[in-house]
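Letters A, B, C and D name the chains as they come in the text, with residue numbers starting at 1 for each one.
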Amino acid sequence: MLDKNQIAQRIAKELKDGFYVNLGIGIPTLVANYIPEGINVTLQSENGLLGMGPFPLEGEEDADLINAGKQTITTLPGSSFFDSAMSFGMIRAGKVDLTVLGAMEVSENGDIASWKIPGKLVKGMGGAMDLVASAKNIIVAMMHTNSKDESKLLKRCKLPLTGINCVKKIVTNLAVLEITDKGFRLLEKAPGVSVEEIKSKTEGNLIIDSEIPDMEF
Amino acid sequence: MLDKNQIAQRIAKELKDGFYVNLGIGIPTLVANYIPEGINVTLQSENGLLGMGPFPLEGEEDADLINAGKQTITTLPGSSFFDSAMSFGMIRAGKVDLTVLGAMEVSENGDIASWKIPGKLVKGMGGAMDLVASAKNIIVAMMHTNSKDESKLLKRCKLPLTGINCVKKIVTNLAVLEITDKGFRLLEKAPGVSVEEIKSKTEGNLIIDSEIPDMEF
Amino acid sequence: MKKVYKNAGEAIFDISDGNTLMLGGFGLCGIPENCITALEKKGVKDLICISNNAGVDDFGIGLLLKNKQVKKMIASYVGENAEFERQLLNGELDVELIPQGTLATRCMAAGYGIPAIYTPAGVGTEVAEGKESRVFKGKEYLMEYAFEADFALVKAWKGDTAGNLIYKETARNFNPLMAMAGQVTIAEVEELVEAGELNPNEIHTPGIYVHRIFQGNSYEKRIEQRTVRKG
Amino acid sequence: MKKVYKNAGEAIFDISDGNTLMLGGFGLCGIPENCITALEKKGVKDLICISNNAGVDDFGIGLLLKNKQVKKMIASYVGENAEFERQLLNGELDVELIPQGTLATRCMAAGYGIPAIYTPAGVGTEVAEGKESRVFKGKEYLMEYAFEADFALVKAWKGDTAGNLIYKETARNFNPLMAMAGQVTIAEVEELVEAGELNPNEIHTPGIYVHRIFQGNSYEKRIEQRTVRKG
């Protein structure tokens, strides 16, 4: 079973040289720590920045320089600032190669629910609906089950949707899966996790059409 | 009867302090030479400039700094450059207070024809259709009649239209007129020109509802 | 026609009860601090505020919420504000949540005189309810209308007496979009210079969009999430 | 992933017969001179060119026209070119004239992933023929679609190895809009510097929109209307 950092590490393997990537809040943010050697990736922050760097050194925080999670950050050489319309413009136009974000639920047809729990206070969708509606390639990073040990990979999402038919791949603490016409196709399993366990914790249709290898990092 | 410079001079009297103004090619360009004392006007050039100044001194021409007529120009303090989408954006949003442009024909309901003569080569409408469709206040600067001494102020335009119901005021070599629900309302006549002459050279409905004063400059 | 005002209080003199305001900023970054304080002091009520966020309890739009000056909030994310939560649950506050890119683009559309645009954000979700949708090249989009606002309150880094604005880093965010969209746009700047002192090639918001400008003071520029790394 | 190319010839290597190209510039101001020369040399034919103007007889897109490489021209104003006129009257060339603001906005829409926008330009004229129109708040607008182009060829003043671009003065014009809209965007710049040497706050076109960049040479920057005043 993977921890959050290992999920991030596995997702980082999906990065290709030259990619522009938008990383959501939570596990997705950790992906930046595992960018493979020799691969040059540019991070987009939807509040108006390309070329996001690491957190600043203590004392070098700049209130005018934050990411979409409102954290103080830095820029890397070759960065640029722009307004929010251009930021979502480049997202909508498919210029961002990969979007990694968290989710509460994903359905077997690629729907995602991530922003609202009825009965609980609604905080808002922020940029998530724009991202999932437009991104060329969406990877969801999440735990395979919720705190009640219920599957988060469902036939149909129960929570209000963020977007439909959009998720391409899911990396959980148990497995790597891709969305196909017929449901979740199991690609890899976490070291020490059995296919049976993944089956039992996946409510949506699970396709196992070959020997399932262990994830590599 | 006015010459082109006097038409421009009369139009300049319509300028108000703080106005943003777009001046078309031809007579409208001359308006810039007659901006009244104490009135601060900012000229917009639709190729991407606010704060257009006069032509450069000989030897100071800058190929990267032209107006919409492709003439070398200069900038004044407080100027700004922007792209063509923003330029027409501010036009469309009604931020430009006054647009002055030439015309081949104007009809009594404010339609304007200015870009195309069937049978002759079509050069294109450039930004004229955007300007007339969006400007808050459009003044047409033109001769009252064409080279065959036919009226250019018509019941209906005969040439292909540039825009409809858009012209507010017309300054010709003979008169100042405004467009009303019922046609051209004569406001002023050029010094030495009779109301009868204006009547005879205006094909569209001409409203004369008071004593017509001479233009003042 | 002077655009320069002495301070926020003078610049917002005619903002009235029930007005719709756009307020620039993302979180607490790039917000019109001086204008917000002046609005709080003026005590205008029943405001409709369009802003990406609603500030925190004791800063930003949170100040206006605490003071019960806001009737309706149009935003994309409001998760940082307990007072907001309380008023919402008590039915004291109306809220409309819209996707962030839609919010940004509806402001831009207003500034560009485009009455409506199409975006895929929200298709198939509750955001699409009651909205017209349309398929272009096999993909579904929602039609979204340009915003209207009586006033836009924006914050820039540098400005000049002609109203030209330059923003700093990610404090740009919604500011240039809202600046274009206000019926009346009021800009507060950290540094106000004479027309001619800013490079015309580096202007983010041309002065034509800015009706009033003043040099703000005492900027707190509060940081919401101070994150640092080890040296 | 290197974006930097040695010269125009290498950067346009895969432009092929029948491709749709956007070319930046207004008149001869801010046109991709090096790319045009390379296209002329390469001899690709049946091009569909989207550009505000068509150059003059012996410069700009005029060079491609003279060489009979252009099948169709989409522009707002083409009045400066006698060869253009000849080909058009002979039926050798197809031309589509559209309002300048519509041209600009259709490029921007493409770069922003917005499939269609509404503009009042052309309502009631022959430009409206065959187009869908719609009334918003009592005013009629035409629906205009985002442009598509295989390649966008743009010219900037400064660029860096990450593809960021800064334009100079009115040479900006259509360049940033087309840069956003190309399936492949090729930028030629007067000065190419290393990533990090341009101020990120002053970038006009973020590098994400630019796929290839090279430092051009021998810029002629011809002036169409040299107008001067007495000193």
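Quick notes on this one:
Methods note: a residue touches a chain if its C-beta (ideal position, glycine included) is under 8 Å from a C-beta of that chain, and two chains touch if they have at least 3 such contacts.
Since this is a predicted model, take the numbers as computed values, not measurements.
The minimal number of chain-to-chain contact steps leading from subunit A to subunit C is 1. In terms of C-beta pairs in contact, B-D outnumbers the other of B-D and A-D. Chain centres here are Cα means. That of subunit B falls 29 Å from that of subunit D.
Distance between subunit B and subunit C, defined via averaged C-alpha coordinates, is recorded as 36 Å. Between the Cα centres of subunit C and subunit D there is a gap of 33 Å. Across the assembly, subunit C contributes 105, 112-114, 119-120, 167-169, 200-201 as residues in contact with two or more other chains. Residue positions of subunit B touching 2 or more other chains, listed in rising order: 75, 81-82, 85, 88-89, 91-92, 134. Remark: the chains found to touch one another pair up as A-C, A-D, B-C, B-D, C-D. The residues of subunit B lying in touch with subunit C in their complex are 17-18, 20, 40, 42, 44, 50-51, 75-82, 85-86, 88-96, 134. Partner subunit C is touched in their complex by these residues of subunit D: 105, 109, 112-120, 136-137, 139, 141, 145, 166-169, 200-202.
Subunit B meets subunit D in the complex at residues 45-49, 54-58, 60-73, 75, 81-85, 87-89, 91-92, 111, 121-130, 133-134, 160-165. Per the touch definition, subunit C reaches subunit A in the complex via residues 26-30, 52, 75-80, 85, 88-89, 97, 99-105, 107-108, 119-127, 157, 167-177, 204, 221-229, 231. Subunit C meets subunit B in the complex at residues 1, 110-114, 160-162, 164, 180, 194-196, 200-201, 203, 206-209.
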